[in-house]
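For reference, the structures are reproduced in the following blocks.
In the two complexes that follow, chain A is the common piece, with chain B as its partner first and chain C second.
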Partner chain A sequence: MIPKYLTSVKKVDNEEKMAGLALFTDDIQVEGAYFAVTLRSEKAHAKILDIKVPTLPKDYYFISAKDIPGENVCNIIVDDWPVFADKETNYIGESIGLVVGPDKEKCLDLLNEFEVTYEELEPVFEMKDSYVHKEFTKGNVDLFKSSAKVFSESFETGYQEQAYLEPQGMLVYFDKDDGRLTVKASMQCPFYIHKAIMRVLNWPEEKIKVIQPAVGGAFGGKEHYPSLMGAQLATAINKIHHPIKMIFDRKEDVPFTTKRHPSKTDISAYLDDKNNLIGLKIHVNIDGGAYIGCSMVVLSRALIAATNTYTFENVEIIGDAYHTNKVPSAAFRGFGSPQSIFAMELFINHLADYLGVDRFVFKNKYHVKTGDVTSTSGIFRDEIVLDKIIEKAKKMSDFDRKFKEYSKPNSNRGIGISTFLHGCGFTGSGESTIINAQLKIKKDKNDIVTFYTSQVDFGQGNRTTLKRIVVDTLGIPEDHVIYDAPDTSKTLSTGPTAASRTIIIVGGLAAKAAQHLKDIWVSGKEQEIVEPYVGPSYIKWDEDKMQGDAYPGYAWGANVVEVSFDPVTYQVKVEHTWSVYDVGHAIDERIVIGQADGGLAQALGWSYLEKEEAVDGRFMQKKFSDYIVPTSMDLPEMETALIDNPFKYGAFGAKGAGELTFVGGAPAFALAFEQAIKKPVHKIPLTPELIMELVKDED
Partner chain B sequence: MKINFVLNHKPIELDVNPTRRLLDVLREDLHLTGTKEGCGEGECGACTVLVDDKPYNSCLTPVLNVQDKEVLTIEGFREMKEYRIIADAFADMGGSQCGFCTPGMILVSYALLKNNPHPTDEEIRFALSGNICRCTGYQAIVNAVKVASEKGVKL
Partner chain C sequence: MIKYFVPKSLKEATEILSQNDCYILAGGTDLMVQKHRSASLLPTFEKDVLFTNEIKELDYIKVDKEGVHVGSVTKYEKMLKSAQIPDIFRKTIEQIASPGIRNMATMAGNIGNASPAGDTLVPLNVFDAYLVLSSTRGERKVLVSDYIIGVRKTIREKDEIIKEIVIPNLDLEFDYEKVGSRKAESISKVSFLGAYKLEGNIIKDFRVAFGSVSIKVVRDKEVEKKYIGLTKEEFINRKEEIVSDYSKLISPITDHRSTKEYRQKVACNLLSRFIDNIK
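Up next, the complex of A and B:
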């Protein structure tokens, strides 16, 4: 069915992108720019004893830790990740240095002539050395000791590559007009790069500017890694004073840049002698890789989301992020919650089966209602319409009839439903204590309004929606408002483009700033407003104890996935999906549905196609011919509906939509698949090899 | 070596190494950067151009292979009336998000509709299957091709 989008406006960047006019990083021509390629570690854990640099021809340079004037640190959250590995290397592919010169092929040839001498150290590949540990409880967990029975299961999820279509890339040069070191890159967070460069060069803020060109997808993969590239290229240009471009080959991007944390989640249900549920113990383990990066925050989100859309009276939640000698895991759409929600959604269905009760009646008993206490002892304040969401998703998919039919033996077909939530914005009080967004809006003598944010549009459509929020608030024609891509020399920081915070937080800030400008509007006069972010007063959060209100609001959803299974080839096919979301009020329906279908598609890939495996610290899948990204033939027709439920604190009633759409796909898929093969699932991706093991196990 | 072909409706003669990738010749020598490199091994289709109306991965095509042929890139196609129909359909259906796959997607859609003006859903999905989109989940692009098909009978 061809949809009609009644609330949508023309996307501001549509025409340039369709016509091939939008300039992505590698499309930007800088006369005579040199190329940079990376000398990477061959060892998972070793001391670096010596780097033998070959004789370099004229205009070719080797850049390493020795060239750093400031600190050899790329700070993500803690100071553990070096810009260039110096004395020790902690993962295969870690950057040791750059070879820079006029001809890229020559640079690559020179790389082969380097000789690095290592002294190997014992590497760790399994999750056994925890470097971040968190735990908290709700209710009375001492009651667990009095339980008569315990039902326990473990769930595992794998790595996932963001697989943005445009690989990582960056261009650095000195701007002829203002003399600033200028960075253009495929990125999510211009100020993260800006800060990384200040630190490595020991430079003040005003000597640097970071400008966003067109960005070809990110999904979390360009949240932190570009900071490392920025620090490296800044070191290089500081030494050689010549423009440099570094564009990753896919073979470099897949195995050596950050990806989704693999996980193992153990859940136990404590039951009394009448099979009443006393409470749950949940232990989430994530593989953080060689450096902590943002793993502590990913872990926080995984833990807060671990009870998903259910309220349990007594809960013990434990989390560990582990150091391993592999590429650091970092941000990826969902940020930890897909892993723990996958586990909880399967577990609660399995628990109902174990108790011999109807799955849907059992789940319904625990569904979150407005006013319920969250796992961190905060309060669910939104108007929660989970019942409506589930009802609509079931109706759209003819769920009840199909569920009954596919339950029959040898159906080789299944249908599954998941419910899920996503907390919008930075965890806890992060928005007020860490980010402190400030938004500038000004008006010139001709009443033309310009506003600035540091939000990157890497496809989500936020440039269109943020502009619309300002245009509609001011009630002036669209072409009287100018809103360009971020440039750190012009904009104040409105924070990173992450955590589904752009519309709910920055959109809210933009609406407020525009309203304040409107309030003082004097035609023909220059006026300016700087609007600081002020969080809702109810947000109180203790990060150490993991107690309080974790997010200003939650978005909700349900996914229904139908699959068929071929018992001869062990292949599974997704036949159809139906989804219903409550993202508050969707300002632009077409954009939100685009996020919804794209998020679910990525989640389905994670469920059964996208296998990435490290053997002895080395990734076996290195490019798109062995890492399987879903094509139009792998994905089914998707039907998506939205429930309008305006949120008091968001701009125009909107909540976040970017990540929510990822978190429910895997459990809905797995539940459907379980029904098709009549066996429980505990692990994804469900590759034909894993399916064969599962099916044969039965025999 | 001299290579002659028709590029975006105009004859062109280039003196190039015949083994160079068509992609590099387009992007580096001719500054036609609407053709993108996503994977460099023919898996993602971001580098799609039409050669005699058929989709080619320009990253796998030595420039010699287009000798005496007609090559159409997004820069040429965007001047044609058929572009407007397909581009408007992509805009209406939300078929372009980050935009990196979009020029390739638009060209394969054109190649499909030129051959088969009223394709079924299955035929559309098959035609698009050489081009990866990581943003949309494809539904919006399939819808866009359908809309273009309805509006562009004479494509």
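Up next, the complex of A and C:
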């Protein structure tokens, strides 16, 4: 069933947020709760020889690795991140222990009295020690040997801070009614925290529950890090049996929690003697930081996305994630694909210039069409409307006229267009082999329906949209459906709130469950359905070989960015943006536009404002006065259009929209900027300091 | 034990200051940030604090033949909305922080804070603005440029408080540019104010000041004198020499906001553009 609307409804949490009634983690008061503050490593790589604990007053505790009853490991994807650094520390800011006590100020004072003795080891800051390596090919890459010419370029992207409004925070206590260890936190994935705590305490599932309060933004930054905090606080409460709250200050959150992976991507085009393209070799390198965590999955997505919206007959794709003695890099909107797509979008334009052919004609020759074979030898199955998307974006922005006009010398103005895609859901067969989502829906005697998910609404609006899917499927009044924030003691796992999977996967599951309930509906009777996720049968994936269909479906888009450049101050101004997206069928247009504006704003920030610099493993920018995210004053008018292209496996035809809106911003910006300064770009963020160097080369 | 004072008059304030060594807190937009410890904790002050916000008699903007008098507790947002404040000051204030902060912050507070990146310090220098400092011993007038002697260093005696700032009348053509890291809520990497007066074809007045490129605002009256009295053409022809003179005067640093090379180059570019635009 695909309703013929793109209309928008009032978000269910509008009023509580506008009135300030929504309770975020730090707003929740548990009587007598203690505070926890973190003792952090001062060294990038060192043996910890001794921790001299100061004399602790009554009711003050120091919690460290030796207090862990289970394993000293934070359950992420790879088990290499310790809950507390014990014998060795691998990055500046790594948690060594917690100081817990009734008065936060006293805890902070005590922190200053600790003396940690280190034996320094050689740190690694450059990408040279690969800890995850992947490679795969498509077609015949032996043909590269017969090439007459090779055109190669290298592209770099920097760190990015998620910059959620609400910093990381967590509260733990024992529920007086059911005795369970209860966790409330600013998070994305309640079951990740639940599992991490089970592991660290050696406890069964039913002794723990994780409940989501209001969450103020996440962007991937709260996908894994809260698991670490959960493991630490669980260790503490297990020892002292007292409620504990830990809230990070911004100056702690920015330099010590996970970031977007910095990257370096090398691309070579192999050409024959008539300048025909034989194929491409793409090597994506990402800086994973001190622990692997989820870097192998980020790398997978970066590699699968590396050919972007283009089909090449012969491709060799190589990827490495590197160990460095810096804060671990982890999830962030786009999950690796923005880095490789940035490189590919610039490269294909530069390649056309190198060959002396029209950029748009050249790109069009390689644009993905329905039925094309993906770089992992899967198939693009859905109806692809890339040509319509491009046409619409160009028309909205008056692209062709401006492109010609700004090509003139000293225009100091430029316009750029990017195309991009985003695979929705977990990579490969992850949805059916790793996550195995199950959704419970039940109806009471009064025909009131309640359904449960583990999806967190951190502002993106899925509490509204998921509920709407169920209400519309059942065709009953909205107030007959109850849908509360996740509580792991009530819901089955429908998986993490990540990977643009919430609507396409969980929404689809909710629609199916609601339809099944409707099919067996008997008024006045208690009924319950547990709906398991069944993926499209065509999804076959070999993670080791990186072969097969990587995603159940793809969302598509084009961004146009127009910029002006001031040659006196080397500053760039974004004048206007135009975007066109195919997110399948948008269930709620306003929510999708919210993602569109926010995603592009965040991408523009990454492109030219947001610089996070690690000097000897220490981040220099620690606050929003020096880590520069764009304000509303920096953002132009943003126009967005949606192309309706219903997806048959998504709820009401919807695909994912959360990450798609981020991935194309940087290349569109960089292409526009190249035109303004008439020089190629290979690196972001394009800060004025970097631009000065770029322009100076010419003088 | 730290004491907090909230005097209701200037007289009361000077009496308190004659007995106690205090931080003087106006809007708190600098001090509260500097003394911030952690969320949910109060900032820690290591000496007494005097709050000026209840000294209503110092909340004024007045004009007389000396110039514009701005009482020291006057908020930036009030200055921004006052037609009595010279346009170039309003242009500067408009680019400071954001409306919420400007509703708290004061110009006297920014002078007292003596940051090398204080935005209004640049026009205050160009205008030869001065302060009236008040104490139980009486009053004294000091040029803003003499009052600040280094990073967060001023010549204020412990018993003194800024009563008002006097901005003399100045009828010149101005060119102001704040180079920040973004368009709002931004601390200057470089700021520049150039001013001149042309009578007939003669440069009758010429003044230049830079912010954020040294420990205090850079202005040099000797260099200015060298070029006053030239014809417009002579002046413009000596652009390279002028830029070179100032290039030697500024000594920017590299920090987490920018680099010394960028600050140096942009400061010179802004001066060049100012000279190019003289009509």
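The criterion applied here is as follows: the second predicted complex is superposed on the first by the 693 of 699 C-alpha atoms of A that agree within 3 Å, B and C clash if a C-alpha of one lies under 4 Å from a C-alpha of the other, contacts with A are read in each partner's own complex, and residues count from 1 in each chain.
Following the convention adopted for this analysis, a residue touches a chain if its C-beta (ideal position, glycine included) is under 8 Å from a C-beta of that chain, and two chains touch if they have at least 3 such contacts.
In this text the structure is predicted, and so the values were computed from the model without any measurement.
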item	value
Partner chain in contact with A:601 - chain B first, chain C second, else both or neither	first
Chain B versus chain C as contact partner of A:631, first or second or both or neither	both
If touched residues of chain A are counted for chain B and for chain C, the larger one	B
Partner chain(s) touched by A:459 [first = chain B, second = chain C, both, neither]	first
Which superposed partner A:21 touches (first chain B, second chain C, both, neither)	first
Chain B versus chain C as contact partner of A:10, first or second or both or neither	first
First, second, both or neither for A:570, with chain B first and chain C second	second
Which of chain B and chain C A:104 touches, first, second, both or neither	second
Contacts of A:249 with chain B and chain C, given as first, second, both or neither	both
Footprint overlap on chain A, comparing chain B with chain C	26, 167, 249, 624-625, 631-633
Partner chain B, residues of chain A touching it in the complex	2-3, 5, 8, 10-11, 13-24, 26-27, 29, 162-167, 214-219, 249-251, 458-461, 590-591, 593-594, 597-602, 623-625, 629, 631-633, 635, 637-638
Touching residues (chain side chain C, partner chain A) in the complex	37-41, 98, 177, 179, 181-187, 189, 256-259, 261-262, 265-266, 269-270, 272-273
Chain A residues within the chain C interface of the complex	26, 104-105, 108, 167, 247, 249, 567-571, 609, 613, 620-621, 624-626, 628, 630-634, 688-689, 692
Of all residues in chain B, those that touch chain A in their complex	27, 31, 33-41, 43-44, 46, 73-75, 78, 83, 87, 90-94, 96-103, 106, 121, 124-126, 128-143, 146-147
